[in-house]
Every structure is written in structure tokens, then in C-alpha cells.
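Next up, some structures in C-alpha cells.
Two complexes are shown next, each including chain A; its partner changes from chain B in the first to chain C in the second.
Up next, the complex of A and B:
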């Protein structure tokens, strides 16, 4: 192997260490924030938890007091937080305050659900957005480019819940092709994934289009053509990878939008995932579940960005982070 | 015997003729070189032949390759010839290589459709060895110098067996040694019975290639013939000026051949035992030097010898690993200025030039009248200030960069290959403008160049950097 592969081999541990440190930092900040926010919410947490356990009709002040005493909710906040962080080091996420089951067990299921949904949504976004971007770039400012710009504006302007409802109206109610909600069979993932994917595809298309236009204008693409390569070969061998160098880091930026979308879309379609769990945990003041699902979502963003970094290292051999003084 | 005859080429943009050339013939084994200033249409002529002109330019005319007649108006009809019969060696070899692909694979691509992969890569290795880059096939472009990148593009362009090779400004940004190596490759191409059409502003390259030279100006060829005759005994007035623009022949009031004024003032910049590495590569090794007030110092040396790094270290634009760089008090507050090799990179692409210059003038409290004065002194029309950097020529933009550099009343200007991309006449004008200003205000100059004649004409002394990035010797007053 030449010098360069040795260099990129050397850069990999640096990236992993940096991202791991970021993961730890994010975990601490996110969990602390959750803690503070839950305490700041109006209403008596013990009362809400008791309601979650026994139902609203059966809750009285005594039940709430019992919950409070059992869970130690009257201790100082920092003690409760410190306890939670210490437990986290033992990989113990505690038990749900509502169901009393270990959070880890519940979360595993939700994580799988969210991963299925996000991977499919990202794949759809890349397929729809990337495809539209490449087509639009064939003739900048042409009719197709303008249509794609219209598409981008439309999907960006639609909030996920509205887009989701529109898709339900069209695909389940009008056409009856897909189930509207739930988690039964492979078909039930299509609507939530489509809602997320279409939402993300707008900016994907924009970035792809601009990157492809720029790469196609580059000297190396022109030179590749005059070497005698056909347009298709130039696209496959040069345009796509160099577009990827621009596009893949963009995926990392989109990760945050994805998580945001996951929360809304999972709730909308009752898809059993982390976002769904998060919303319910907020509602029932189930702090351990809330903390854990926020934590896993945050770490998911870090993991996705790590994946992006590693992919870019593989795609682009040039050293980065060194400021060039031309 | 292969021949290429070009008949009545006319390239127009919205009716304005950019190229009008009646007839020229290329013979196998004999170089044909077109020289002239930027904007004379010489590059457009090469691209009209290749079929790679930008959309929006209309072409008329025809060429015949071995008796086959090819209509130049239809760019598509040459696509099938690319790489097999017609090859183009692009400008800026470093950007003509895909940064994400190993160079061996990029060379091998030239025969993608004819040959299986394994054989292709072996042929590419052989082609790289043929240009002096044996065993470099697995390298990525960013690890190559400009000269090496150009030899890779040469191997990639010619591997398909094209006999007609077109070169568009091949010497741009390359040092002398790299241009000589390219010359050797082109000699070999000619000796093998190839046809060669070279577009260049480098008269030395033209002389070296021999054969026929044509001088182009304002879309037309004004003089042509054997290279010795045209460049040795030019008939046209313009050709005479072009030949006279060689720095070795300059005679300007600001030149002070060997007569360096004595100074008692402390030096502006003192560098002591400066060392700098990028990763494992040592770029500078224990370099010490001083630049005095009003002094003109040239840093010379082959590509990769650390000239730019040293210059940037002296300006404190890059931190050094070892040693110290100290600046005299009179350099504070923007009184050190840098001129870049590619001026387009030193201007924001979408801001009108006047806005950027105006900001600098306001920041340094310069009277707006002074900007106009400088523009006039540089031979620039004030209307240019309404345009964007992409809408003026490279020579104009570099002179605008000089105007900008002069506004803070600098005590030291660092010119990093500031004229190496300009043709000779434009270089002469730009250097003249710069040096007249510097002489008038007794400003010091630190210049990087690979052009010995230019260093000789401008600098009081030269500092040569060796291959290892250490200082070889100091030529005291040249």
C-alpha cells in the first residue's frame, strides 16, 4: 500500500476518538437538559406518574404521595441526576416509572423500530433527492431543473405532520394501498418512511444538483471526456464519487432534521420507535425512559456523523483540516 | 504520413469574431506553436479544433485529417476521435486529475473500452514509467507536484494512441525544469510521427519545440514561419514587442542593476532558524534570513522546495514549528501585503470589485480619489470596478490586486508567483506598474518566481532554496 492509504489509515483513529469524545459530551449535556426540563414542567410529576400507573380515575393525593416516596422524587434534583449518571456507567438505565420494566428492554425494541424507519427514510431521500438532483443537473435552468426546484420548495414548505396526513389521505384512504397506522406487516413502514424520506429529499435534491453541476464543470470531468470516455462512464467513474464527497457530509447535517422528523412521524403513525417512546415518556413524566430515549437519539446523531466521517475518509483521500494558504 | 489541415476557422460570440484564421497545416514530426497574448483567441482556436468550445460560441470552418473532412461547426462529430486520434493536454494539470482516483487508474481510463482491466493497468504503469513516474500509479493527485501532475495528464491523454496532440498553455504555473521535462516528452511525440499544436505564451517553450510558430493577435494570425526566423527576426511590430517583453531585455527606471542603496534602518523581517514540516515531510530546515526596508528579495528554487511556505512564514501567515520570525513595528496594521499567483482566489467571486476595494480604502482611511489615481497609474479603466472578478482578464485582476495591496501604504509586499500565469506583455505591464509604485514609496519586495530572468530583472538579491527546503546559498547583489 502506498503512502496515502497509510495516511488515511492514520486518520481513522483520530476521527473515532474525536467522535467518541463528542458522544460522551452529548450524552451528559442531553441527559442533564432533559432532567432540568422535566423538573421545570408544570404539574406534579408524582401525580402524573401515578395516573400513568393506575389510570386517572383511580389517582388521589395519597397515591401520588406513595409514588413520590417510592421513587424518591422529593430528593434534590442533583442527587437524582448523579444517581442516574452513575447507573449509566454500569449500563443500567433504570426502570420505567410507569411500567416498572427495565428501560433497556423497552428501548431495544424502540431502537430497532427507529433504525428501520430512519434507514429506509434516508435511502428513500437519497434515491428521490439524489435522482432528481442528477436529472436536474443535466441542464441547469432547464424545464426539468425548474420543476425540481418547485418540488424542493414544496416539500421543504410542508411540515412532516401535514405531509404525513396528505399521504394517508392519498395512499390509504383514497387508494387503499397501504395501512394508515400501526406496526403490522412490512407495508406499515412505507407511509412513515415515505413521509420522512420525501421531507428530507428536498434539500438532498438541491445539494445533489448543485454538486453535480459543479463537478460536471470541473477540469477533471472535461479532461476525462477528452480522454475518450463516454458520458455514462464519466458520470459513473468521476461525477458520482466527487458528488458523494460533497453530499455525504451533508447527510450528517441532516441527521438532526431526521431525529426531529422521527419524533413527529412516529407519533403520527403510532410507529413503535424512540420518538414515540419519548413523547409518551414526556406525557407520563417517565423520567428514566425519557432520559434514555433522548440519550439514544442523541447518540444516534453522533453515530451517523461518525459513519459519515469514515465514508468521507474512504471517498476522498485528500488530507483535511489543514488550512491551505495558496 | 498524417497531416491535419485547418481551413477558414471562424469563432464568433454573438456576432463578434474571436478567431478568424484562414489556413494552417500540421505535419507529422514538426511542431506547430501559436503564441500571443491572453485574449487573442489562440486557446479558442485549439478548442475549436478539438470540439470543446463553450456553448454560446459559434464555429465555422472545417479541417481535414488524413484527407477526411470534418466540419468544425458540429462539435459532436469529434467525440469518437477523442483519445484515439485527437488528444488535448489541458491547462492546469493539477485540476485536470480527479482528486479521488489513483493516477494509474486515471491513465488507464484512456483505453477503457478496448482492453481488460488488468492489462489496462499494466499499460498505464508502463506509460507512467515512460514519463519518469515509474511506480507512482497508486498515488493520488494531491501528492504530486505540478510538473508530475502534468506528466500524468500527458500519459493519460496519449495512452489511447492519438497522433494529434493539442496543448493549451502547458507551461502555466510550472517551473523551468518541469517545462523542460514536458519539452522532452513532446520531442518524443514528434519523433514518433505525432502531430503537435501548442498554444502558449512561453516563447522559450516555442523556441525549444522548433518547427513553425504563428503569432496571434486580436483573433487573427499576424505572422508565421519557422520559429527561428519569427522570433529571431520579427517582422510585425507586435511580434517585436512580444519578443522584447522578455524580462532579460527590460530597461526600466525602477531597475537598479546591482546598485543597492546602503541602509542603516533595522530590518523589517528577521527569521532565525525557521523550521516547518507537513506531517513527515520537512519543508523548511533551519532557514535564517533578513529582509531590509526597501529591499527587493527573490526566493527562487524548484517546485516543492518550500518557497511559498517560507514566504508565508516570513509574513506570519503560517505558524513555524521551530525558530522565530520577528516583524519590525512599521509592518503592523496591514502594512504587509501579499499578491497571489491566482488573483481570482484572492477576490470574493460574487462581490463587485469596487465594493471590495472601497472596503479596504475605508478601513485604512484612504481618500477615494487615491483609488482612482492608482487605477489610472495601472492603466485600468475605472468602469472595471463595477464588474465581478470573473468578468475581467487575469492581467487586469492582478493589477487590481496591486491597487488593493497599495492602499494600506505597505512597507513590504510579498508577490508569490504573481505574474507566472500572465503572458509576457501582460507580465511586463503588471511588474512595471507594481515596481513603479514600490519604488515611489521605497517599499520592500519579497518575490517568489521560478523565472531566473525575472528575478534578475527585479531583485537586488536572490535566495535559492534547495530540494530539502534548506537554504542553499545567498547570492549577494545579483
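Up next, the complex of A and C:
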């Protein structure tokens, strides 16, 4: 997080410009890589696209040839890539090779789905993990700390697939509180978000606990306690805030892995998301959708990092502004 | 100060973002949850990525939103669909399909012969549609009928017109470029909400010409995971759930209020054999491979139903094609070894058979779209190893089978072949055994007797001659094994007892939802 140690005066615009430039660079590199990787995959793309379109009962050489002719798959690779980049400059992501629909329409639903799921999962993870971490840190190596360590080990060890099924069995089948799968109504997001959130909460608890323990031992917290502040005020005003400086960047990193890691959970809960789109795009050699998904994910990473920078800047109580910070 | 502003606005911005995201997720209208008793909830593994008929996997036909000119009953016999009847003329080279009067599309416009002809012309231009294979010269409106002119006789035309790619859509379904953007049909249900790929909701179409369905609303949800589908069924969160795996079936069997329904499908799981491969060119080797398979054990272990072990190419559900008197394909490891020895293969030092210093190594290509295929492949691998054949299994995309057929690199392919894609199995059978071979059929293998029999059937032979021709095809396939049958296929669904009247169409053309009722 370069921003915290930045020394110039009004740093925010500079940071945003730098991040934007980084975004453009990342986008170009990622999309080019996608293109190259898909070209290098074994198998005839025309057959894969035809299989995506028509299903395996109807794919044959004639259908594949028709797809090849329609999409001009015989043209040189550089020509196809150049076309994509040129269209991108016109903000045109093209059309899916499989569904023939504009990629923007196609990805819109998936992007919103993934964002909803990720934000809620992170919030739940921060809430559960953060809460447990703070409680555990009150008395390191005490009974509660051991219990929390047990929780951390358990949720880290459970694969999301199994955890998801267990949650469905408990909350949906046994208790009947939530729909098991689907993408309808607000209730249907709870189970997939909870699956991801609980899975992540272990690491959150661990990081929070260690950070809180460390901050508690720091001079400024001891000073705050010495000057007579109550334990509660010290916790809220000094410990949590300083812990946040450690935790928020960590949250950012987790958010990135989360966006990539939702594939299993999305398919288990029939939740439309980018993971779903990516898997199908690779399987079907749907290059425009793949490039656009990767592009969106890459830009999302850049956006998240920016958000983390700004948040840390806001949280960090150390002096800032025009003076240098060590 | 910038920082101060951020400090004040950041929490608000985050709160707004979460609200917006949550709101976007709830934007769907009146969600048919478990409490909404008026909605029939259907779930299955079928995702739809396009509304174009040929790319829809038949989902809109199954939901009875759109109709084909010709329909079929549960036995696969043709019956009127949207067309009330049909006639052939010019020696079978012209067909006329009569359309009923006063049929309304879901957008309120009236069905015309022009609209029907336009839909069929669009289907005929789609390479993947079976209609593209018919020798069509023209499709025109003629009064209240659609006339199809052919360059040659093609008795299977009405059967082809049962395929979901040939449905009749209203002109408003197409955009200016002729691409399908909406599904406006004539069926008893109209599309109410569409969220591709997983959600389709339909509502009763009040101006439907036939009897009004009792169930007013149907919500279809595509669920990719079989485990999730089973949970929907036992958790009373769906009324009809298609495609359960054995473990899920067992759960449903034990759950109260829900029952399993199933029907044998005209689909065979079979090994496609490259008959030009140095080893597989010898029919004795093909027979030996077939005899090495313990089909009952494989069917029991993988499909949990030993009766699905194939004894011949055509399953008993295809009554006209299944020949009960045929010697069944059975396991006989001893004879398999003898046949391989006769063909010149002897055991090498590692137990793998060799001939002229070359080991008997083959690659089996298959795909995971049907989850039992990879499991079957490994069972076949184990059985073949018993007789000294070293089989490598390659689980890949389904399209690799036609692709490797095209470039000649396929040894063996394990596939699930639908034998009655267009109701009349003859169309599929003719497609599987042409002299030049076929993507999902024979490879580098052809037989004059079998070709004669297909020609006889295509020429509209009388019943006795046709039956004899079908037997010839079944016998030749059994003796020569250009395709080695492994198992037949059963389609299943879990049906909640709050609905009645569920029938399962073995051809999967429609789910007959309009005939279902709420159980009292």
C-alpha cells in the first residue's frame, strides 16, 4: 500500500491517476494473455463454440464449419486480437461467440451477482472473524482463544463445497429458513454468502487476534490505559482503529481471492456470477467473454486496491498531510 | 481537506454501495418462494444460453411456450402439433402442413402461414438443426398451409419437424437482422420472466386454442449440481426435479412426500470405434473388447441399476428397433482372450498384449457433460486391462469426439447417443451409419447390407419389409460392432406429491406441464 508512506502534499488525486494508469496497463496485459492462452489450448475452437451453442447432441462437423465461417476463426490470430483491442477503445466489448449477445449484457448480470456475493461474504467474514478475533485477543492462550483457534482450524479445513452442503442441510432442509439454491429474492443470497463468509472468517479471526494482541502491547495503548481511559474506550478508539490499519489491506487481498474463488459456491447454489461465466467461457473458447471477464476482474482488483489505500489513509491515526511520515 | 471529506463520506459511500447491490439483487418481481403455492417449481440441470430455438436445448418446447408443427406421443408416434395434419404430393417431394385458423401468438398477433414458413426457413439455415440435413428446395406459405418442396424424397420430414429447432415463432421474436431476441410462441404458456442462463418463468396464456392448463404459473430453475438438485427435491423447495444421481435418488426414496419417476430413454451409452485403427480394424478385436466388459457390474456400480446393461444397440424402449431374439452382448473373458490370440495378439512382459512388437494401447475419449461417462470410462479401462488392453482415458470437451473423428486421431470414444432426436430413430440411425462415417456414429466402417436396409426404410417400405430391414440393421451392428453398446439410459425426476398428473416423455420433447394439476 504505497500510499501510506507517500510524502507529497495532496496525495489522493496522484494515487487515483496512478491506479487508473495501472488499470489500463493491467487490462491490456491480461486480455492479451487471455487471448494467447485460449489460442494455445488444445482442441478446435469451432467445435468448442458449436458445443456451447447447440449442446453435444447437435454438434457435428457441419455445425463446426458453419461456426468457423460465421466467426472468421480462420483469420490470423493477430488480426482477431487487433480487432478486439480496437473495439475496446470504442468501449465495445463485442459479442459472445456462443450466445451472440453483447458481452456487456452477458456480463452485467454476472458482475452484479459476484459483487453482491463478495461484498456480503466479506462483511460476514469481517463480522464473524473480526468479532471472534477481538474476543480471543482479550486473553491470549485463554479458553476462549483456544476455542477460537479450534474454529479457525475447522473452517479452514472444510472445503467450501462441503460447508455449503452442510449449511443447506441445516438452514434450508432442516429449519426451512432459507431457499437452498437460486437467484430469486433477497433470501437466496444468504446461504452462498454465509458459506464463503464462514470459510474466510477463520483467517480473519487469526489476523485480527494477532493484530489486536500486538496493538494492545504497544506503547500508545499502554499510555492510553495509563492516562485513565476505560478498557472499552481504549478498545474502540485505539485498539480497533489501529488494528484496522492491518486488517483492511488484508481484507482487500481476501476480496481479490474471493472474487476468483467463488466458482464452486456459485455452481453449488446456482448463483449467476463471474466464476460461472469464466468457467463456461474457457470451456467454450468464448474469447470475448473470457477477455471481458478477465478485464473486469483485473479492474476490480485495481479498484479494490484503490479503495483499500483510501480507507487505510482514513483509518491511520498517524500524522499526515503535508508532513513526511517515517 | 480531501482527507477529511473522505473520512466523512467513506462510510456513507460503503453503505450506499451495499444498499444498491442488495437492491439490484432483489429487483426481481414477486419471487416464487416456497410459500407461493400457485407456482409449479421445476428444477433441472439444463441451462439455456440463448433464446434461439436451435441453441435453446429445447427448453421452451419443454415448457410448452413454443410448438412444432408435428408432435409425438409418449410412444414416439407422430401426432399433430401446431399443424392439424399433413399430406405429401409429387411422389413425396412436396409436403403440405395445414395450420389451424384463429391461433394467436403470445403477443396478440394471429398465426399466419407466412410466419410459420419464415420460422422453418430460419431453422433450415441453421447447420446444427436436423432440418438442415433435409433436401429442402423451398418453404412457402400456401393459403392456410406451409408447403415444403424437396429435391428428393424424404419420408422422415414430419419426424424432423418434431425437433425443437423447428418451432414456429411470431415475427416479433426476430430483430431486424433475423436473430431471435424473444420467445413469442403459440403454446399454452407464455414467457413472463427470463433471466438466462438459469431462470425462466412462464404464465398460462389465456388465448391458447386448446384446453387451459390448470397450473397457472411455472418457474424453472437450472441447477448445475446434482447434489443441490437432490436437496431441492427432499427439502420441498421444488415440485419437479429432473436429473438426479444415484445418491440423490436414494435420498428421495427415503424422503416423505416426494417420489421418483423414471423412464427408459432412447439413449445408448456406447463406444465409438475407429475401424481403421490397426488393432480395431479386426472385428475379432472389437468383439473381444465387447466381451471383456462386465456390463451388468458396470451398470450396477455406475448407474446403480444392473438392468441398464446393454445387450444390443437399441434399448427396449425403441420397440420397433429392439430385437429381443438377438444374442445378447455378454461378458466372456476367456473367449475375449481367445479372440485376441486368434487376431495375433500375445501377452508381453508387462501383461499388455503385443503384436509385431507393438503394444495394444488405445485412448478412450469422453466428456463430463453426463456425469456417469467418466466413471463408466474408468470401469471400462479396468475391464479391458483384464484382457491385456492398455486403455488411457481422456476426459475432455464433448466436441473433441467429432473433432478427433474429423482428423482421424480418435481410437475409442465413449458417448451418450440419443437415438431418436427427431422422434423417428431412422433419421438418427441413417446419420450414424453413412458410408463416409459419422461424427457421433461409425468411424471408417460401412456395410452394404446395412446401407441397403436403411435405403429400404427411407423409401417408405411396407411394414413387413421395414421390420426385416430394421432387424438387419440391429443384427449387422451386433455382429460387426462398429459401435460397442455399453449401457442404456434412464431419465428420472423427483416429483412432489402436491402435484398430480406428471408424465415423463422418454423423448424429452415436452414436460407435459399443461396436463399437470395440484393434488387435492
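As a working rule, the second predicted complex is superposed on the first by the 306 of 326 C-alpha atoms of A that agree within 3 Å, B and C clash if a C-alpha of one lies under 4 Å from a C-alpha of the other, contacts with A are read in each partner's own complex, and residues count from 1 in each chain.
The definition used in the following text is that contacts are C-beta pairs under 8 Å (C-beta built on N, C-alpha and C of every residue); 3 or more make two chains touch, one makes a residue touch a chain.
In this text the structure is predicted, and so the values were computed from the model without any measurement.
Of the two partner chains placed by the overlay, only chain B lies in contact with A:233; chain C stays clear of it. By the document's definition of touching, neither partner reaches A:28: not chain B, not chain C. Contact with neither chain B nor chain C is seen for A:127 once the two complexes are overlaid on the shared chain.
Shared-chain residue A:222: touches chain B; no touch with chain C.
Of the two partner chains placed around the shared chain by superposition, neither chain B nor chain C is touched by A:162.
Comparing chain B with chain C, the partner in contact with more residues of chain A is C. After overlaying the two complexes on the shared chain, residue contacts for A:317 are found with chain B alone; chain C is out of touch.
Chain contact summary for the complex, chain A toward chain C: residues 10, 12, 43-44, 47-48, 50-66, 98-101, 109, 112-113, 115-116, 119-120, 123, 165, 168-169, 172-173, 176, 179-189, 267-270, 272, 280, 283, 310-311, 313-314, 320-321.
Contacts from chain B toward chain A in the complex involve residues 50, 52, 82-84, 86-88, 90-92, 95-101, 106, 109-110, 112-113, 138-140, 142-143, 153, 156-157, 160, 278-279, 308, 312, 317-318, 340-342, 345-346. Residues of chain C that touch chain A in their complex: 1-3, 6-7, 10, 17-18, 21-22, 24-26, 28, 31-34, 43, 49-50, 52, 54-55, 57, 126-130, 132, 165, 179, 195-199, 219, 221-225, 227-228, 231-232, 234-237, 367, 369, 396-400, 402-403, 405-406, 418, 421, 438-440.
By the touch criterion stated above, chain A contacts chain B in their complex at residues 1-4, 7, 218-220, 222-230, 233, 237-238, 241-242, 245, 315-319, 322, 325-326.
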